[in-house]
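Here is the structure we will look at.
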Amino acid sequence: MPKVKIDAERCKQCMLCVEFCPRDCLQVSNETNLRGYHPVELTDEEQCTGCGICALVCPSVCIEVYR
Amino acid sequence: MPKVKIDAERCKQCMLCVEFCPRDCLQVSNETNLRGYHPVELTDEEQCTGCGICALVCPSVCIEVYR
Amino acid sequence: MAEETLINPYPDALTEVEMRYCPGCTHGTAHRLVAEVIDELGVKDRTVAIATVGCSVYAYEYFDTDAVQAAHGRGPAVATGIKRVQPEAIVFTYQGDGDLASIGMAEVVHAAARGEAITIVFINNAVFGMTQGQMAPTTLLGQRTTTSPTGRTVEAAGYPIRICELLATLPGVGYLAREALTTPPRIRSAKRSIRRAFETQVAGGGFSLVELLSICPTWWGMDPLEAVEHVEERMIDYYPLKVFRDRLAEEETGGGESDA
Amino acid sequence: MAEETLINPYPDALTEVEMRYCPGCTHGTAHRLVAEVIDELGVKDRTVAIATVGCSVYAYEYFDTDAVQAAHGRGPAVATGIKRVQPEAIVFTYQGDGDLASIGMAEVVHAAARGEAITIVFINNAVFGMTQGQMAPTTLLGQRTTTSPTGRTVEAAGYPIRICELLATLPGVGYLAREALTTPPRIRSAKRSIRRAFETQVAGGGFSLVELLSICPTWWGMDPLEAVEHVEERMIDYYPLKVFRDRLAEEETGGGESDA
Amino acid sequence: MREELFMAGIGGQGVNLAGQLVARAGMDIGLNVSWFPIYSPEVRGGSSTCTIVLTDGRVASPTSDHPTSMILMDRTAVRDFADRLAEGGLVVINSSLVPEPPDCGDCRVLMVPANDIAAEIGNERTLNMSLLGAWAAGTGVMTAEDVARSLREMLPERHHHHMPDNEKALARGADIGRSARI
Amino acid sequence: MREELFMAGIGGQGVNLAGQLVARAGMDIGLNVSWFPIYSPEVRGGSSTCTIVLTDGRVASPTSDHPTSMILMDRTAVRDFADRLAEGGLVVINSSLVPEPPDCGDCRVLMVPANDIAAEIGNERTLNMSLLGAWAAGTGVMTAEDVARSLREMLPERHHHHMPDNEKALARGADIGRSARI
Amino acid sequence: MTQQGERVFISGNEATAEGGIAGGCRHFFGYPITPQNKIPEYMSAELPKLGGVYLQAESEVAAINMVYGAAAAGARVMTTSSSPGIALMQEGLSYMLGSELPCVLVNMVRGGPGLGNIGPAQSDYWLATRGAGHGDGRCITLTPYSVQELHDFTAGAFDIADRYRNPVMVLADAILANMMEPCALIPRRELPPPERNYAVGPHDPQERERNIVNSLWVEFDAMEAVNERIAERYRRAAEEITDWGEFGAEEPEVLLCAYGISARICESAVMQAEELGIPTRLIRPKTVFPFPAEPIRSWSERATAVVVVEMSMGQFIEDVRLAVEGRCPVDLLARTGGNMPSVGDVVEKIREVALTAGAAGV
Amino acid sequence: MTQQGERVFISGNEATAEGGIAGGCRHFFGYPITPQNKIPEYMSAELPKLGGVYLQAESEVAAINMVYGAAAAGARVMTTSSSPGIALMQEGLSYMLGSELPCVLVNMVRGGPGLGNIGPAQSDYWLATRGAGHGDGRCITLTPYSVQELHDFTAGAFDIADRYRNPVMVLADAILANMMEPCALIPRRELPPPERNYAVGPHDPQERERNIVNSLWVEFDAMEAVNERIAERYRRAAEEITDWGEFGAEEPEVLLCAYGISARICESAVMQAEELGIPTRLIRPKTVFPFPAEPIRSWSERATAVVVVEMSMGQFIEDVRLAVEGRCPVDLLARTGGNMPSVGDVVEKIREVALTAGAAGV
């Protein structure tokens, strides 16, 4: 099963990955990181196809996609 | 009859007027001006049509054409 | 999950230093793409990155290559100096629209005219980001900035400059394209162009430049998604996405410049 | 001979000061044409001539108008300053290829992009005349100069820059043409373009520039006639003579820019 | 009288605007004042500090080697700056983010749960006001009402509907501040 | 020994090259020398001047307030510069262009019809050589042969066929120069 | 300086911009650079409303040459920048000098050299007082030390520039630019345009000959005459506008010299030194070119030591030493790179030199 | 300085260019300007033959930034210009300083300010010694006074630049550029490239970490450390390379100070003054930064007056006065705008100050 790892400390909550994920499986979490952002998390592992689009659009280079 | 007046002191003997005169009626004279050039003179008044081409091409702005 | 592999390894040519860009700022995306290309071409150890002055001034901290920080607008001249001393080096500048299209206009035009074998990554975000959102030469008509508070007008500030169209008139240019860092397909296309630009340099094919339409949510006063839409709806209109020249391809197909 | 009249009165807008150009140098011709146009348009008393740095640096002595001498390459910026203070003034710069196309590249591109309502008379003689014949950005490939002693090569110095083609990409430009100061018909055509450029300014039609291919017998190592032939046979090939834009005419005929 | 107030925290404009408000209020009650910032280089985020001098004499240096009071808004601020406080000085701390008071000898410490107060009031923008209220009451340089009056002057008309919340927060802070005045 | 030679004339490089030749010849016979020009601004035409110092001591200033000798090639040169000559100095004048000798007190004047000599020799390029020959002989600083030897060194091979004409002109000048040596 | 208007709480940058407008400036050409971005921002909002012109130049090189053109056309014109931008204006400034044109420049100095940083510094002292590019010209240089003075000096700079037909530089730093203080604003005035018989532009040929603005002087004597004319103006300026402030003990043991933000810090140090029993006096130039050498010279005769405080490695100190000419030792307290001396640093230095001087039995 | 080669009769410009090559320069970036055009011309003919690079930059701004790049890449690199061009290089120079990169510049000073003229001048003294743009850095500045010294100093400048990682300026003038003198040429050497552990370019990552050339120091302390490192180098340079010449009386009544072409004129004046019975000594700096303050100071104690001769309105004199510090009066003989002082002018001035000093009973 594909897996998406997000480095919560680097995420700046820009929402680009959330917007562009074709399966709508990313969401802002309730956590707060050191910079004060609420990092994004994978909410629906089942849905994720490991397409890598989230990583492609992430300007913070903080998403790893495993397949 | 057309007339061409050349300010001999300003002529720099560049030969452009001589070259472009359609009636070949300009020539370098034997005079020497203060700058050491041999100014051009109208050699054949009869031939001159007063076309003004000599003045058109003269970079020294030293030709007057009367018609 | 033993068979799982990382499909997007963190680029070798990027350091671990966290980039200081605002949330959503596509400077980060551009950095990643450039780093991936450097990795793919295997030229990291001979690459020299030229950081210029703008939000990306710290690029020398982000690219894990030799690097030189250049005076505002002078990246192409600095790159020229390096390349003429070390022809084996792969030299690229990373410049914003203030840096390249405003103060650095003479340097980029002349480097292109000389066919200087360097690559330029040109980030067009239509604003001076670093200095608090002033009008750039690339600011669209009507766009509000801190120095065009009622929107840019032709009367006061003239027309936005299209750098690619300008440089396309110069035979020294080997690769020239405009891309946008907005949607996934466009980002993929942008990477192809960046790669092509570096390949042109590696192959000795002359000057190369890729213009990347980029967002500045902070000074556009938009969130990143609105900003992406703004590029799609407004900017691309004025700045069409296009490969303006690809001399390597032209040579392969036997086409190319004839007038130089 | 009472009926004889002077068909080419000495232009009012030229002083009596003898011009210091070398024999045959077409800087003199260009001066005369500009002065005639100023006279014809009746704008002498509101014209400000900007002399720049090159053989024509003394232009302020030759044009019988208000005049400002500008730093090397900065004529368009100086003209901008004047025009923005005195919008009624007719402001023109007179610039060589070293001045405009080398050190002054940024200033001319930006003035054009802004659509600054000034006129530029651009003398392209493919060489730095005043400083002893060095290579200019407009020097042809193969041409020998004091700093390209074995002839300009692409490898060492890149391609000559075509200024009109470059500026033609900018919507702020109202009139743009390249002419040559060689044969009588070309000189007449050059005058028409100069006049059109000034008319564009008078009509508020934006930035205008006329490039004049000009001879430098001294540093080309030719006599004036050979130099004229060189323009006809070599230069015009690379620098085609053409009206690149005439917005006034386009407006009259309903054509013109649509993309700005 | 000379009060040198130092403020530090993260989060863009908050610190600076609050500092400017204090200085402006000082001016409005007839003091000589200055406000002086040090920005950190990042466009956003990063920490900001500012120094406000309030005096009935000559401001002279707008800087302060040893501030007579401080408002420290987060943990980093406490760590980096608390020990610069003048002897016997007052330090106001956002106890919502920094629960344990700093150890600073004979200084006076005011713990103000600013985030909690703001949450109670239901207006995040009032966060700094309880801190300012506590500082004003704690130092006695001005009253919470002085601050409120100047705030109203500085705020654009369209934000005036926030004034009641701000005044509430100022008052809540002032209550805490008064407790420290002996 | 210290000779300060000043040369002036119109016509581009002629004056400068002739001056350089004298300096070079001085160096070749073991003197300390300097050559120093002032160009006028025009690209072509206009007047040129240069100053040559020849000495067995220290050159020190390459300029000369009162040259010990002069070569003046045209009327303007005579008008503008002749009165700067040192007392008892030598002035060589191109009498083809300046027929009347200048009035300069106790100076020695050599009138050299340089254009005529060049015309006689049939080589315009030798024009300056008769002036130099006269100067050399007139001052005794070097011989016409010294000048000729250095000229051969300086001339590109392809111009060596001019040497006989140059030597002729130098000799003609030297004849005139010797007449002035008492 | 002039009639005072509204009193506002305002940043140094804004006070400077408003000072320019109060001084009659209606034409501004500039290129953004931190820490003075609020000035162009302010001008871009205000000038168009006043019928003036704000134009963002493509670079500082272009900006100073636009200023040159505008000044040639007779405008009261201004540009503002910070260190690297001022460095780029050097050639253009020299042209302004050579053509004897007035203008006002502001330099909000930042840490250098190179790209440096955006902290405060005073390391462009030479660039201001010895600069103006190649040749002998110099900028008349004013050194405000408060937001109020930034406003007043900028407004006043235009008259000075006109009087001496010379660029006037207002030299401040990143702190003065950003700090806020109360400031009494000078009312905006539409000035009667001063006599500008040199300006180019549309004109009635009956009324004047054509005007030429030029710095090319092929004749050496003509060029020398220009230099002497300029020098003569500087002599006049030295008499007419040299300005400085003094603060502290009447019988000082230690003389402090500082300008701008450093002088503010020194004022606090003077008060603290007094408390420590070391009578100290501060001389702080308000103009550094022309330089108030005379008061420094005469006070240095009465003090036992001079301490110079500057945020540079030792530039201003040379002017102080040229004034003191060995009358007593001159010591330097220098901080750079964005760092400022603390009041404590200055007091410590005062104590140190007082001790040394005491030990030396002076 | 080094082993001497062929003795030729050569112009200052050519001697300078050949000096660069002798010093190991193989990369030249420049933009033409009178009176130094023969240098780029020479370089464009010679360097390609030697496998080097001559590149005509589009401007002086571009030139200095190409120099910056080439220096960052480890080259011995040079540019040459004259006054207005040097003014345009100020920002770039400051970047070189901030990034601690070596290079060699030549300024053949011409009459200014502005476009000025192409006559000789010394009015860029401050631009050289106080310049290098914004911030505290300065150019190490060498002042040759003959064609031979132009050659030798230019060749030697590269080692100095490397030693202190600082731009070195050879400061001369239009006369030295154009005059011809005999000159013993230093043989062209292929130098072993000096250790340049800072240079960027292709490398084996096993052998070194990546290199960064940078002048941005956001942390104030880091920036201050750079300034202190540079200042420390200047202190070392002051000890190691300060250089000057002396000429004339052992017991001087008048001390002459001059550099460059003015010093040549002064040598003649020293000889003439001697004949008039006024013992005179010339001190002529060969380096003006670092400045030979010590010899001037000590000789000024023995003389009754100092006369400074310079082709500027009074720039160099400040360094002299800083050295003399009031020990005796310092007088100025200044010519500008292309004019040079005559030997007679200098002698007259010497006589005048000798008389005044005599009358004052010193």
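Think of it as A, B, C, D, E, F, G and H in the order they're written, each chain with its own count starting at 1.
Operating definition for what follows: contacts are C-beta pairs under 8 Å (C-beta built on N, C-alpha and C of every residue); 3 or more make two chains touch, one makes a residue touch a chain.
Keep in mind that this is a model prediction, so the values were computed, not measured.
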item: Least hop count linking chain B to chain E through chains in contact; value: 3
item: C-H or E-G - the one linked by more C-beta pairs in contact; value: C-H
item: Computed distance of Cα centres, chain G from chain A, in Å; value: 53
item: Centre-to-centre distance between chain H and chain E (centres being mean Cα positions), rounded to whole Å; value: 55
item: Inter-chain centre distance, chain A versus chain H - centres from mean C-alpha coordinates, in Å; value: 60
item: Interchain centroid distance [CA atoms averaged], chain E/chain F, Å; value: 87
item: Chain G residues counted as touching two or more neighbouring chains; value: 55, 58-59, 61, 84, 91, 95, 99, 114-115, 117, 119, 214-216, 218
item: Shared interface positions of chain B, touching two or more other chains; value: none
item: Residues of chain C engaged with two or more neighbouring chains; value: 22, 57, 69, 71, 102-103, 105-106, 110, 130, 137, 157
item: Touch list for chain D against partner chain B, complex; value: 1, 4-8, 10-11, 14, 18-19, 21-29, 31-32, 183-184, 187-188, 217, 223-225, 228
item: Complex contacts: residues of chain F adjacent to chain H; value: 20, 23-24, 27, 32-39, 41, 58-63, 65
item: Residues on chain B engaged by chain D in the complex (per definition of touch); value: 1-3, 10, 12-16, 19-20, 37, 50, 52-53, 55-61, 63-67
item: Residue ranges of chain D touching chain H (in the complex, touch as defined); value: 53, 57, 69, 71-73, 98, 102-103, 105, 128, 130-132, 134-135, 137, 146-149, 156-157
item: Chain G residues within the chain H interface of the complex; value: 61, 83-84, 86-88, 90-91, 94-99, 109, 111-117, 119, 121, 123-124, 126-127, 130-137, 214-228, 231, 312-313, 315, 318, 321-322, 325-327, 335-339
